[in-house]
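For reference, the structures are reproduced in the following blocks.
Two complexes follow with chain A in common, the first pairing it with chain B and the second with chain C.
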Partner chain A sequence: MSDASGATSGVTAMGRFLANLREIPKTFRESLVRGGAPTTDRTRSSFVFGNVFLHLHAVRTHRWSLRWSTTAGLGIMSVAAFLITLITGVLLMFYYKPYPDAAYVSIKDLHFVVPTGRFIRNIHRWAANVMVVAVLLHMARVFFTGAYRKPREFNWLVGMGLLAITLGLSFTGYLLPWDQLAYWAITIGANIAQSPREVTDALKITEYFDPGGLQRLLLLGSSDVGEEALIRFFLLHVMILPLALVALLGVHMWRVRKDGGIARPDDADARLGPPPADTYPVFTEAPQKTYQIAAIVKGKTPAVGKGPENTVPSMPHLFYAEMGVFMLTVLICTALALVSDAPLKELANPNVPENPAKAPWYFLGLQELVAYSAFMGGIGIPSIVLLGLGLIPYLDREKEGTGLWFGGPGGVPLVLLSTVYGFGTAFALEAFAIRFGWIREWWPDVPQLVITAINPGTVLTALYAGFSIWAVKRWGSTRAGALALFTCFLCGFILLTVVGQHFRGPNWVFYWSPSEWPGH
Partner chain B sequence: MKKNKHLLLWSSLGVLALLVVAAVQENFFKEWRRHQLRADSLAEHGIDVRLRQVVVPSLNVMDRCVSCHVGMAPGEPAIAGDKVLGAHKPVVHDPAEFGCTVCHGGQGRATERADAHGDARHWPEPMIPAKYAEAGCGTCHTHIEVPNYELVLRGEKLVERYDCLSCHALDGRGGTLRPLAAATVTSPDLTYVGVRGYDAQWYEKHVAKRAASPDGPWHASFGDIPEMDREALRVLLDSRVGTPRLVEAKALFHTLGCRGCHKIGGVGGEDGPDLTREGEKDPGLADFTHVPGPRSLESWFKAHFRAPATVVPGSKMPEFSLTEEQIDLLTLYMFSLRRSDLPEAYWPKDRIRVVRFGASEFSRDGETLYGTFCASCHGAAGEGMRFAGMTAFPAIASEGFLALASDRFIAETIRKGRPGRRMAAWGHANGLTDEEVGKVVAHLRALGNGVMPAAPDDLAERLGGEKARGAALYAEHCTGCHGKTGEGGEGTALNNSVLLATATDRYMAETIRLGRPGTSMPTFGMASTVRPALASDEIAAIVAHIRTWEVTR
Partner chain C sequence: MTTTSKSSRLDPEPMPRRDFLGLAAMWAMGASAAFALLGILRLPRAAVLPAPSKKFKVALPESLADGEPFVPPGRSVALFKDKDGVYAVSTICTHLGCIVKQSADGFACPCHGSEFHKDGTVKKGPAPTALPWLAVTKDGGSFVVDESKVVDPGTRLT
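Entry: the complex of A and B
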């Protein structure tokens, strides 16, 4: 031990120890955020790129992206809802037992016995629904602002994958309580998966080629919904799909940044005008580091070829917005959880079918179509829709209206017209089919393939397609056709979902209200 | 930026407020806390306010009911007269040893009233309604022994008539006079006397005591009891096991012929659903479409007893004219059919006796046997029944029938039934022994004033009618009711193999000649306004025609 230093500074080792102890909060803070407090442009930047989670964001964000009307926060809301389901889901897993009957009892225990179990389960259920809604609305937002266009085509496809995983997560979670609702909803879902049989049966080739049966078998792991299906759904729900979602979500958000941030019109700066007085000033201090890092990246990054005048540091502007939306989502989910309990019906009973057995709400539009033709409703039309959605960014190569709500040829009037047309035709077809029946009721001996080809679902699809082609010709623009088609399908989806949810009773018969169902 | 800050601030505050609300709800506004605070203020030394439970691992019981009903928790003070905090009624079984849900049903782990009582929607085992609480005994005491219903009722009346209640307590009544208190001899409470046993010489001892005291209460309140009444009192005392209503309900059940169609514990007919576990039926799986009143098993049972086919479309169960009191008792009995899968160590004696040693859970006298298996179709007095939409059930105690039917014929019919008709065969292993069949026959004879057939019972005897002529006469007179080939219709099926094998020619001929009063079968031996009387040889011809359907082997 050298007592020279101690002697020169006049401080004992013990004194240094105590001083270090006192300074722990400060040194810990410094070690946590190495660049120092985010008070200057430079430290704000390093706050973002020095953090493993935050560096998915650009260090600066365009003011256009921060306007509420640009995104309505829907993307973040989807992520927030996912995080909520993740946390609550892990908590639920402490009590859940993925085995028939035991599963039901464990959910009953969660509901009635486990402290805060009911609350957590309610939050989980509501967050799941919020997530589905937010993802669908986010997709609509991206479409209507033309944000799928070059250079964001691929990210649109990634987004479609995320939509599919979101629905898959929600659907697999539906079975886990193992009650009547779950059991029969999943039975319906499995039957939808089996719907190609309608065609193979009609062609009398099911014996040799049975993709429908195979799909159902893969989904359920058995001929019926049973313990195999439950463990499969459980594994998909708690492991495979969440992992896939996280991976794809990383790609999705990273691509948002790499594809040039949130889409905005070319004249966004002009539209925004000068920044308001309370915005953090830009380059208030002499930059100690140039933005060369941005220049390395190819393509339309926010910083290339433009001054950073209309961007603001992501820390704190973007993070306040994101935190705000996150907390708003938590608020919505907890409020709904306090008001409304997640459903739990009787123990699953394979001998007593629920009538009506309904799929989860977001599949009720499909179930409505399945009621007309299992193949078209379950496979045909969804495939057409998915294919159409995927192709949109590659067919619409226009530039006009990117970043603006309902931008592009046709604009708001076309969307309004499409809304009227979309709801009108779907309503008229449903009303007709409910009032007068369909081909099978008129000529009972018609071959099934005729009905597979001609049913309210396919007729509606054809009407929408025709309208879209008309829009392409009328405005001389692919974007106009896409606007028309997307709006129509959105309206059709909403209308069919509402009909399936509210107006269909036992045996899928039309009722004005569930209170009129027999047996209540 | 400012907007976003506000968004963050207000959403966060909102979440915080909601979490506080949820936390307060979850922790402080629990109902049981309120009850315990009340108990704390009412009890002399107060109580600890905390979650309480009765845990019985061997019964898989973990009942938190005592968190609200804290007076029933082991070692806690009860607040007398309080509906929630009061003590448990005195029962044989200590709630601390058995828990609560074993007897009462409901959800033991829940801590809120609606959940715990099973009023929450889709709870599969709601609590047994308080007024049917005795049904809970059925969980373990699945085979409570019940005596003849008439004897129980008579015994209850006799207890009143002989003024037993002035000294003895029974089922919570009586025992107030206690005339012997001065002599430091208490008159025993008779409520559980069927379990605890009693001195078989009680009557003789009572008489001796009266003789010993020339005056005073012994002399004033005890009189002679004739042998017959003593027998009824014995039956009553044997049945006093602490559940008088359940015993009465079960005894009533065994007078209405329900087991003629329904199996319970493997004994009974097969026309109706097995009732072994009827009381633990999940109300969520019952159809309440046509059940008025609240969605409860009680409403369902009652509506079903009033009009079975209305509640269960297509039901073959007839509409009995039951009084409200009877419906109430039967509902109680339905609730008691629970049969929980208990560890055998918990099986009571009565259950072991029946399940392991094949004893009977109901009295095996002729009257009770008839009441158990026959009365629903043939009527309590064998008068036959007619229900809308069903062929009439024959009056088997009518003197006309009994004057023709030999004991052998009736017994064979009971043993073998009538294939193709609703009359089941009762001679099987779980049905009636030959001795019991004999008792039922004897009971029928008693119902029919002891009428016996005059003619000899000779199966081989043939009246020797002309078949061809008989066919024509049959077609003219009989097909309307009995069908072209005797397949039956409004009338009974005549081509029935068991009938043809058991009925003598003379029985058939006499039945045709005399008809069957009380049924559609007319008196063919006498002329009516629309047809002449059939002569003996014509009747013999018809019988010969009927005989042609007999399968000869």
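Entry: the complex of A and C
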């Protein structure tokens, strides 16, 4: 319809105005969805790559990626849990006041007075926990399927950044209620940041070189845990970390697409068998488009004349799967929120520590190590683990087993062996230290540096490293070493977390069960 | 690659001017961004620490026995009196900052099980150093403890 012709053809301006008014629902829909309703494979494709959110996905998805056992939906579950925390978090901000004591009262109000406040707070808490679990499991899935290998090395690093931010978000959030749990967790956390002093003090150089003191100062903005610290953690929790997470998440998803979709074995097509009859082959519609795209997309040339590819349109197949995972995550979080309340202890009291003062569960493994050496448990060993994780894709340049669970030299038997070794050594060391104590109990005058260097945490790390080197030699493969190391650390993490969560009571003393704790 | 001695230039393959300008612009941009970042990071590093005064006045109870700790309410300091004088030991654990509690023969930390003798030295656990001794001065009939001033262990106010 051209507007210039309207004036000459006798239709009044008013008539055109009314006609346009009537047309608004239709014209608005057309402006929203370019190219009309997506009803054919072709229009659905253009819908996917024309939409700013959907175009993070490829237009077509390989059938291998859609198998439940390929990803277990864990990446999407992490995204879903994050979105849930985002929405519930904004709701909590309506009432939360980031000021000591006022913070505590506002959370109490949210919990007891605000309509649906407790439910929203519970969902926020649970979604944060679900997110940590999902991210850890997602990382394990990427590792065990060898999906970090070329060309996905960089995305593995992006993922590690996401893991760090996820843990940072959970930890900063833990502090906001300003109750006893929060106050003592932030005190311990800030002092862990300061723990490089354990080494600099022993070397007597703290006066000149004090990275620990600087870290603590930046975190707390003061010499004490107080209003400055709370506002900083609040800022990190609601602003800096979420923004950083969203930015990195965008890169992460985009790279998944640009690295050729989810990793799959070379013979994925043979393993899957022929596509089901209702799958539309790629090149039956608008082949000319494919040739145009081929000019700008690098990689193998399109499989013209090779018969149908084993891919299906992302819309709707992938989107249904994602929606399913999303709904499941919402279900899990709301169900947990209904049966279990987020904790709120007494108002923070700087003179009486919570006893035992426990960190959030995913840090209890570290707390267990911190109880041997603050620096090694809180900074040294985590740095070693992060460095090791980051190096994995650059050291393992092999091809065998990519895209298959526990693929590569060693395979399932090695993973089982590593599980036994990982749990066994961690268990033996813990049992030994709990039963017989550690160096200072035997020789009270031993220098601190000796304890920093030799404690159950570092011994365990060394045992794991030794085992992994053995695996490299035994199977003649870096992947075997990586499988051994990752499995061991995973088992150590689980065992230490369980010990910290369940078997440690007041004064961090070992108890078989919390019911044996002495009464307060 | 062999450099020809014919050329009098130092650079055998001169860089096109446009590349040079482009690179220079990029490095200048990078350097100013780095500089700006340093300035940005300077802000969160507080210069004045908004903390309450660390000095407080306290009177020892008459009945305090020699070598028995006295912890003023709301403070994380233990005061002792013995035949040589009065001294104060911090009760903030040197491990990760929990407040230690009095135990049978010294102090015990509830957080990760560090134990200290009465003079602050480490008996057991992860604490890397002894509990510090704090400066005590006299003001009339009572004592003033300065929590921000650490003194050598053994220093007593006589």
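Here is the rule we go by: the second predicted complex is superposed on the first by the 461 of 520 C-alpha atoms of A that agree within 3 Å, B and C clash if a C-alpha of one lies under 4 Å from a C-alpha of the other, contacts with A are read in each partner's own complex, and residues count from 1 in each chain.
Everything that follows uses one rule, which is that a contact is a pair of C-beta atoms (placed from the backbone, for glycine too) under 8 Å apart; a residue touches a chain by one contact, two chains touch by 3 or more.
Source: prediction; values computed, not measured.
Visitor: Mind working out whether A:153 is in touch with chain B, chain C, both or neither, as first, second, both or neither?
Guide: neither
Visitor: On the A-aligned overlay, A:506 touches which partner chain: chain B = first, chain C = second, or both, or neither?
Guide: In the superposition, A:506 touches chain C alone.
Visitor: Which holds for A:321: it touches chain B only (first), chain C only (second), both, or neither?
Guide: First partner only, chain B.
Visitor: A:370 in the overlay: touching chain B, chain C, both, or neither? Say first, second, both or neither.
Guide: second
Visitor: Considering only the touch criterion stated at the top, classify A:226 as touching first (chain B), second (chain C), both, or neither.
Guide: Only chain C; A:226 stays clear of chain B.
Visitor: Name the contact category of A:352: first (chain B only), second (chain C only), both, or neither.
Guide: In the superposition, A:352 contacts both chain B and chain C.
Visitor: Pick one for A:344: touches chain B only (first), chain C only (second), both, or neither.
Guide: After superposition on chain A, A:344 lies in contact with chain B alone.
Visitor: Under the contact definition given at the top, report the residues of chain A touching chain B in one complex and chain C in the other.
Guide: In the superposed arrangement, which is not itself an observed complex, chain A uses residues 352 for both chain B and chain C.
Visitor: Residue numbers of chain B touching chain A in their complex, please.
Guide: Against chain A, chain B makes touches at 1-8, 11-12, 14-15, 18-19, 21-22, 26, 107, 109-111, 115, 120, 122, 124, 282, 284-285, 287-289.
Visitor: Over in the complex, which chain A residues touch chain C? Could you list them?
Guide: Counting only chain A, the residues touching chain C are 184, 187-188, 190-192, 195, 198, 201-202, 214, 217-218, 221-224, 226-228, 232, 350-357, 367, 370-374, 437, 440-441, 444, 448, 451-452, 506-509.
Visitor: Per the contact definition, I'd like the list of chain C residues that touch chain A in the complex.
Guide: Within the complex, chain C contacts chain A at residues 44-46, 49-51, 74-76, 95-99, 108-113, 122-126, 128-129.
Visitor: Quick one: in the complex, what on chain A touches chain B?
Guide: 66, 68, 109, 112-113, 115-116, 119, 179-180, 278-280, 312, 316-317, 320-321, 323-325, 327-328, 330-331, 334-335, 338, 344-347, 349, 352, 518-520
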